[in-house]
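Here chain A shows up in two complexes: once beside chain B, once beside chain C.
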Partner chain A sequence: MANKGWDEFDAGAILFSFNDKVDNIATTLAEDRPYSPSNSFTASVGDWRIEKPIFNKDYCIDCQFCWIYCPDVSIIARDKKMIGIDFDHCKGCGICVEVCPTNPKSLLMFDEHKDDDECLAGWPEKDEKEK
Partner chain B sequence: MSEIKKIKNLKEFSTSADRFEGANLLCPGCAHSIIVREVLNATNDDLVLAASTGCLEVCTAVYPYTSWDASWIHIGFENSSTAVAGAEAMYNALKRKGRLPQPDRTPKFVAFAGDGASYDIGFQWISGCFERGHDMMYVVLDNEVYANTGGQRSSSTPVGSSTTTAPAGRVSYGEKKEKKDMMSIMAAHHAPYVAQVAPNKWKDMVKKIQRGFNTVGPVFINAVSPCTTEWKFDPADTMMLTDLSTDSLVFPLYEIIDNKELNITYRPKNVVPVIDYLGAQGRFKHLFKPENKHILDGWQKRVDDNWDYLQRREEARV
Partner chain C sequence: MADKMDLLDVEVWDGNMAASQAMRQAQIDVVAAYPITPSTPVVENYAGFLANGYIDGEFVMVESEHAAMSGCIGAAAAGGRVATATSSQGFDLMVETLYQASGMRLPIILNVVNRALAAPLNVNGDHSDMYLGRDSGWIQFNAYNAQDAYDLNLIAFRVAEDHKVRLPAMIHQDGFMTSHTAEGVLTLSDDDAYNFIGDYKPMNAMLDFEKPATYGVQTEEDWHFEHKARQHNDLMTKVNPVIQEVFDAFEKETGRKFDFVTNHNLDDADVAIVAMGTTVDTAMLVADQLREEGKKVGVLGLRVIRPFPFEKLAAALSNVKAVCCMDRSAPGGTVGMLYNEICGAMYNSANHPVITGYVYGLGGRDMTVEYLKGIFADGEANAAAGKPTTPLQQFIGVRGPKLNFL
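After this line comes the complex of A and B, so read on.
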């Protein structure tokens, strides 16, 4: 797909989202979908990021605020649990960190090139409320 | 009428399989995709979608990629409403003739458009669709500016906003005209359901969308969509801006049923002053100069008057 220019494409062509017929798309999760190469799911915008969100599951309460407010469908939630971040599609906007309600936050932004384990090791302690 | 998807809480909602894909080219922190996801996830039915030219259309259908896992039509700047209305009319004709391959499926027809495509360019087309009474939903992603083409003013742009065609400077405080009251205009078409929503109040939004899907006839939804690029704020603050817009009553959340019954669906516990909302955005920063004080006062008065009007109308049931 990537090697084909716009002028080599047949007139009236249709870009299909899937290779196969999907019977009920609304109940088929991403891992079971036969994505075609023309679905933007197969593309990546990961190189837009300057900072990346890191997920610390020790503090997560599975409230799913990050899932609903993620503009890029990058928060992976399965069986009502938050299980991780899709770094192919995350643009690093930081909304998930802003809406995270836990103390300390279970999602924080770090420099894109920082090692994940290093980020998790330096996680901040719980903030005591000022009286 | 098909079954309404049960969404009791956010955990249950999060089991939805998204039909809008990532790696679209919308700006980081754009509220458009948050609104689109909340609309698409509110139903399990098949969808026929259309989008007017605008940020959403150019960013989700960049050759050779599509970000939509549903039938999606784009024709022109003005006619997402008529595209969907045509599809709906064809669906009804085929149904009547008994030529649908899967007659038990009940597709929903949704048109997405920006405020420029709805308030200005596509206004006549929407009006026509609502007059003819197609069974469809029209969702406006209201970011109050032509964001896709570089921030020109639209008739949704509020007073005092600095845009590229109404810039603020030595002689001007930016846009001088008031925002068009699209909600009242659409309600005056005697549309069965007209509602204003905000993505931060997801439960209110999903409830309204589901009600819209189960209403026979044209449904108009106006969704506030903060634009990080043209409103000039940090991408991470999108939800904070949406919170401010609903809590300061700049975007009151309400619904109008049959142009008779107005219900306010969200009353903020603590109403935030409008200057908090204006101060969070770069497009209004010139209003905080001493010579523009009267604009700020006008803003607060207009928002208060509008809230009073809505409350009176809700009480009077007209």
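After this line comes the complex of A and C, so read on.
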């Protein structure tokens, strides 16, 4: 944003997500919404993260728990199918991993700098219940 | 749809009921409140009106005054008409959120029934809580009696919600002296009162789904100063013209005239007492008695505390020779707020009266006719001498050795 002077703001430090009026925003995909520069959609805050969630689609049942629990809308899903993670906005809180109900989990936290393929290669086996 | 209440032309109300009735007539969307003496009846009466079907809005009972103002902020940001009431320690607890409300430019109406601040704990009236709020970026109106409390509530909604203003406003009334003293109050009908305030017109409502807004942003050293400057600019330049418009409209509607300062016989006076709250009414009574004895004395009541009316105050005091400033709050190691502001207003004006300060009435101690006569006598001596004949700060009505400073 340009370095505006004191007289160029909306009173109250109010910011708008969209430059103009929008309609049917709930049915418009994020990448198609006319976000304004003051919306965080275009800003990357991925460098806040020290651990990252890795998604393993082999075990995912598309229950959408991660999507609904993510506090930063960083789970990307389309047509109720889990696709992956928005790493520009994920802060690495690990809530998606915590709520994932599959066995083994379909999301696990790894060191931010670990190679993704290496993470998937070392995925744990199904945890057998003791009989 | 809320029922209407048939009011008599003159109702016997105390200041709390006057505020409650004005709030009812405003048809507020959300009141979030927590009770505290002496303001409790404001929201208690209001809750009663709601329970009896006279109000359509929501009443939210919360766990503290911090939560009360936070609830008001959320509701105002969402896009509704909002008000509440508090006093003293509750006001203290609200302070953090008061700055949030004004910084986000949310037109919340807060009835402050003024009361002393602990320690020691005290439920009676003084202006300590009012003074605590004076840098918070709110508009502050000052009622001298129950009629003012009613009228200024109606005025405050219209001023605060004006899109040129969009700032929260407090209406101050003296704890017990105004809040619990039943007086005759001239009323407006429900329709007339509501039409005077007008429908709430949302601005940048968070729940406007066509243009959703973000409230409560963080601004560091590269943005914060500009936002605070904008708010101060609007307080200094935009608010008072709107207050004047609304005062004029109110006079047209009711015949009751308000001004930024109440000028009681100041034009040919040598001595002025400057005061707030119930002391204004008492000082006017005393000034009238002294006038009958041929003494040229008058009273200035401060009606709008913030934004402080520098020019209007200096103009009203442009002929006096001595000013006695009455501060009902312990200044904590300096001069009183009124003394300070009035010196600031007069220093660069053409008239330079002798200005002295008085600290009085703490914790509900009475300000009597006799005390006021003594203060006018001090002022007359100062006017005759052309310089202070007393210390600049005197404590009035406190037991023990005479307490003077400066």
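The rule is short, and it goes like this: the second predicted complex is superposed on the first by the 113 of 131 C-alpha atoms of A that agree within 3 Å, B and C clash if a C-alpha of one lies under 4 Å from a C-alpha of the other, contacts with A are read in each partner's own complex, and residues count from 1 in each chain.
The definition used in the following text is that a residue touches a chain if its C-beta (ideal position, glycine included) is under 8 Å from a C-beta of that chain, and two chains touch if they have at least 3 such contacts.
This one's a predicted model, so the numbers in the text were calculated from it and none came from an experiment.
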| item | value |
| --- | --- |
| First (chain B), second (chain C), both or neither touched by A:D7 | second |
| Which superposed partner A:C63 touches (first chain B, second chain C, both, neither) | first |
| First (chain B), second (chain C), both or neither touched by A:D88 | first |
| Touch count on chain A, higher of chain B and chain C | B |
| Partner chain(s) touched by A:I25 [first = chain B, second = chain C, both, neither] | both |
| Touching partner for A:S17 - first (chain B), second (chain C), both, neither | both |
| Common ground on chain A, meaning residues reached by chain C in one complex and by chain B in the other | 4, 6, 9, 15, 17-18, 25, 38 |
| Residues of chain B touching chain A in the complex | 10-26, 28-34, 37-38, 43-46, 60, 62-70, 199-200, 202, 234-240 |
| Residues of chain A that touch chain B when the two form their complex | 1-2, 4, 6, 9, 15, 17-18, 24-30, 33, 37-45, 48, 62-65, 67-74, 77-80, 82, 86, 88-95, 97-99 |
| Contact set on chain C toward chain A in their complex | 103-106, 166, 204, 209-215, 217, 219, 222-223, 225-227, 229-231, 233-234 |
| Chain C-touching residues of chain A, taken from the complex the two chains share | 3-7, 9-18, 20-23, 25, 38 |
